[in-house]
Amino acid sequence: MTESRRSILNEDGSCPEEYLGLIPDDDLLAIFRIVLLNRVMDRRLMILQRQGRLGFYLTSSGEEAVTVGSAYALREDDPIFMTYRELGSLLWRKVPLDAIMNQMIGNAEDVNKGRQMPVHYCFRDYHIPSVSSPVGTQLPHACGFGYAAKFRQTENVALAFLGEGTASQGDFHTALNFSGVMNAQTIFVIRNNGYAISTPASLQTRASSLAVRAEGYGISGLQVDGNDLIAVVQAVKDAAERARNGRGPTLIEALTYRMGAHSSSDDPTRYRLEEETQEWEKVDALARLRIHATWRGIWADKMEKEVWADAEKAVSNAIEDCERLPPPQIESLFDDVYDRMPEALRSQKEEYLEFLQNKRR
Amino acid sequence: MSEPVQMNMIQALNDALALHLQREENAVILGEDVGLFGGVFRVTEGLQQKYGVERVFDTPLAEAGIVGAAIGMALGGLQPIVEIQFADFVFPAFDQIVSEAAKYRYRSGGQYGIKMLIRMPYGGGIRGGHYHSQSPEAYFAHTPGLRVVIPSGPYEAKGLLLGALECSDPVIFLEPKRIYRSVKAQVPMEYYTIPMEKATVVREGRDLTLLAYGAMIDVARDAVLLAEGEGYDIEVIDLLSILPYDLKTILTSVEKTGRLVVIQEAPRTCGFAAELLAEVQQKAFSKLQSPLQRVTGFDTPFPYALEDNYLPSKERVLETLRKTIEF
Amino acid sequence: MYQFVLPDLGEGIAEAELVEWLVEEGKSVQEDQIIAKVMTDKAVVEIPSPKTGRIHRLMVGEGDITPVGDVLIEIDDDSDVTTGETQEMAEVVDAEASPKEAAEEKEAPPEPETAAPPPTGAQGEPQHPPHMPPCPQAHLPTPSRGREKRADAVPAVRELAKQLNIDIEQVPGTGPDGRVMRRDVEAFQKAAKRSVAPSTHPSVSESAQEDEPDWERQSLRGVRRSIAERVMRSKTLIPHYTYVEEVDLTSLESVRRNLPTDSAPSPLAFIARAALTVLPDYPQLNACVDEQTGEIIFKTAIHLGIAVTTEEGLMVPVVCNAGKLDVANLAIKVRELSERARKKKLNLSELKGSTFTITSLGKLGGVMATPIINYPASAIMGVHAIRTLPRYVDGSVQPREIMNLSLSLDHRIVDGFEGAQFIQKVREILQRADFEEFQKGN
């Protein structure tokens, strides 16, 4: 069941007729806008970070076909267990820009109460469980959720993203193994973007692909062209249907490229060549999408410029709104450790607040 | 209300699990060999037969996967009850417990909570050597967001487990395997809970406060009987809850006696007793009559042949009681 | 600006009472000019100025207790702020110097009437006979805690002391390694309660006439205060018992009267000499208990304390190595010490280190007393008036010179029998009245 690098879109942007209905024109345009918004956010927030107005940021440019496409292929209430590089999924789910910005800045309006670093999202209302820094821990979670969905006889599918580096973690192994044994309603999507910080994918495994591992766990697996929106959507849709119908989990390896640095703390010039990035830019998600949309006849430069401008404005507004907000209240430091605050923590809180009171005097 | 029944801890735990699965239809039990086999210590015996393979099932051999999947199940609306076969094998799951389960509520700003219980046999006394005898409570006590409870007998085991299963936070439930079968007690048949965060004074006394938990409660009792023979009147407290723990009860006691000894199986340095001594020293300082003491395992890996030398004995405890009172 | 701190006045003094200022703020002062009188345990000591300049500020009030090392006075000597102590030891003076005298003294640095002697004696002082070793005051072990070492006590006991308003540093410890135990604090408190005015004293609220109180308060100061502390400590720690015996001094008195009047030793000297003869056979009467270590300290030398009544209260100057003196020299020494005591011209070193004390309870009368042992020691012998009383001698009633001795002892280390034996032996010597016996030292 493992295929290698399935593509649907052609290089010229054309698409076989039977797949045209997969993403109607309106949806394609909507996806396009989201991709542009993603780009704008990446550019603006990276600047913000360099200006010291944001502590940390990492971009997801180039991989939007995977992130937006996967979200598109799912239902609204299918949980997406993310890493930190799937802003596109958030944007497709219509998580408000303000909410995203508030999380980045960690202000008083952040639904996560400023607890985590930027890009460590959690938006329960949008079925996005919490992101953590240790990579791969979310994979068994997705497996467990997929089991719970089965148990409770809902049709929900849990989708988990991971990078190809994370595919080396033990949690990847146990998650896939368990989900196979449990026949969980789960999809695993590897964004194989070529690099885990500075480590090229070739150093993560000796195997010919990552998708081939699926066979080892007795589950479905396939490799797709990660910059081919149609291919991605088709793969995820198939996987979702498979899961919902009790035919088990799927491993999808999406081949793409990380256009930006690993994060604001990274300098890719130290381990890869500019030329490589420039080559990939020609065929990255946005480029391929543009070509296809143009081929469909629903896209024009002027329109793109307008969309860019709208996106810029939206992002500017969000930044402005969010920077105006204060940080979370100091008292909130002590909340949410448990369902109910234990006595010892209460007295620590009291002591600290009293200390602050005295300091003010 | 029916008559209480003589049970050992295994039976008490089994009873609690059965009761809970009865009440809570989304509760599931998972772990290695817990299904058909009923668990290597038989704690889940009969439960798969009664509640079905979807609710009580065996997992592949991977603690990280068990706990990780359990977290996912909790997110998905189930209440997973995980068995880790021996506490010594919990460490592959440490990341999932400490990085994920413990922090999930806090990091999501309270959007999610992980309602999950992980039970594991812990402690020495069964000739299990390094890897079937450890007491890891200090590692977990050091992690905000977790709850840690340790029963000392069958009655406490059932009540604590049922109480812990009502809790919406991740709970580490450590079972003193040494007294799994050897101790029997009267256990009510019906549903009852023992609150977490509360310690129990099991014996009142004037001269000294002796604090213990798990299998060490029996050692405490034995030592106290010997101490009685020497004219000492010792107050014994069963901690029951390690995190959070009942400082108030301890302080009330130490303010009366002015002396504290804690028994802990685990190695001495940075063991949980250190936390108790530090907190009591700070909060009851001017009442203290003698230095606070702890009787602990040694700072060595848990030995096999010399196990009895390692574990705190009633004689070692008695000597410390004596020294403390005669200070 | 020179800040002058209260110097260490000798022998571990930790604090002193500022009895009187002899200078005023704003007035000039010369180096070595006496600027104040301070009172230590029982000696009044004069403090000479370390600098010439102008008195800037008196930092301590009259009657205040000041710790050693605290600033007493600021003298403007056109220098940067420094602190210092006098090089010399302070002197002992007549505490009744009038302000007029003090004013005269300001004009020129006064000649010290008596210099503070080093233990081996100095100019102007009666010297010890050359063959006698210096009084090793400094080497005498005392069970009382040196103030350099902080009290050892568990937190609960400290809390108890705090609640009872007891300075735990003052409480002698009887626990392991001298630890202060609960019982020590409680005993200290009981003793304090006993020595405080009894509850029959009217308090303000009980006074019938609220307009005019019929009582007056006076704080325990100076020598009075230090005596109060010493006797309280002695009575708290030492279980006293007193043995009283009558001595027939008729023969001794007739011997005494036959001596040339100006050199005849007083009866007290004879009694002291007799006691000194017997004392070496009863080492437990020349000893003390170290409560800290639970040991008896047997003192090898005998330093005789002679209690003297002065205007300010009881003082006990010490005759070092008294056992070596014959009755004549003993008499000289005792007389001289008594005179200087009354004139308050004793040095601090002469007030410390007695191992056995005799207290002459005076010509006022009395037949017995329960004298309080001069802590740290184990015995004190009280000598009462000599009276002519009828006694049965050789078959008939005759007038005899009768005097009582009251011997208080530390029952921890002296049993009744031994105490009695000691007195009996002293009595024998006195009643035997063999003058030659009194003419030699031990």
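In this document, chain identifiers A, B and C correspond to the written order of the chains, with residue numbering beginning at 1 in each.
In this text, a residue touches a chain if its C-beta (ideal position, glycine included) is under 8 Å from a C-beta of that chain, and two chains touch if they have at least 3 such contacts.
No experiment lies behind these values; they were computed from the predicted model shown.
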Could you find the two chains linked by the most C-beta contact pairs? A-B
Relative to chain A, largest Cα-centroid distance belongs to chain C
Chain B and chain C have mean C-alpha positions lying a whole-number Å distance apart equal to 66
Interchain centroid distance [CA atoms averaged], chain A/chain B, Å: 40
Distance from the mean Cα position of chain C to that of chain A, given in whole angstrom: 91
Per the touch rule, the chain B residues reaching chain A in their complex are 26, 28, 54, 59-60, 62, 64-78, 80, 92, 95-96, 99-100, 103-113, 144-145, 147, 167-169, 197, 244-245, 247-248
Contacts from chain A onto chain B in the complex sit at residues 79, 110-113, 115-116, 120, 122-124, 129-130, 132, 134, 137, 139-149, 151-152, 156, 158, 170-171, 173-175, 177-178, 181-182, 335-339, 342-345
Of all residues in chain B, which touch chain C in the complex? 258, 285-290, 327
Note which residues of chain C are touching chain B in the complex, please. 154-159
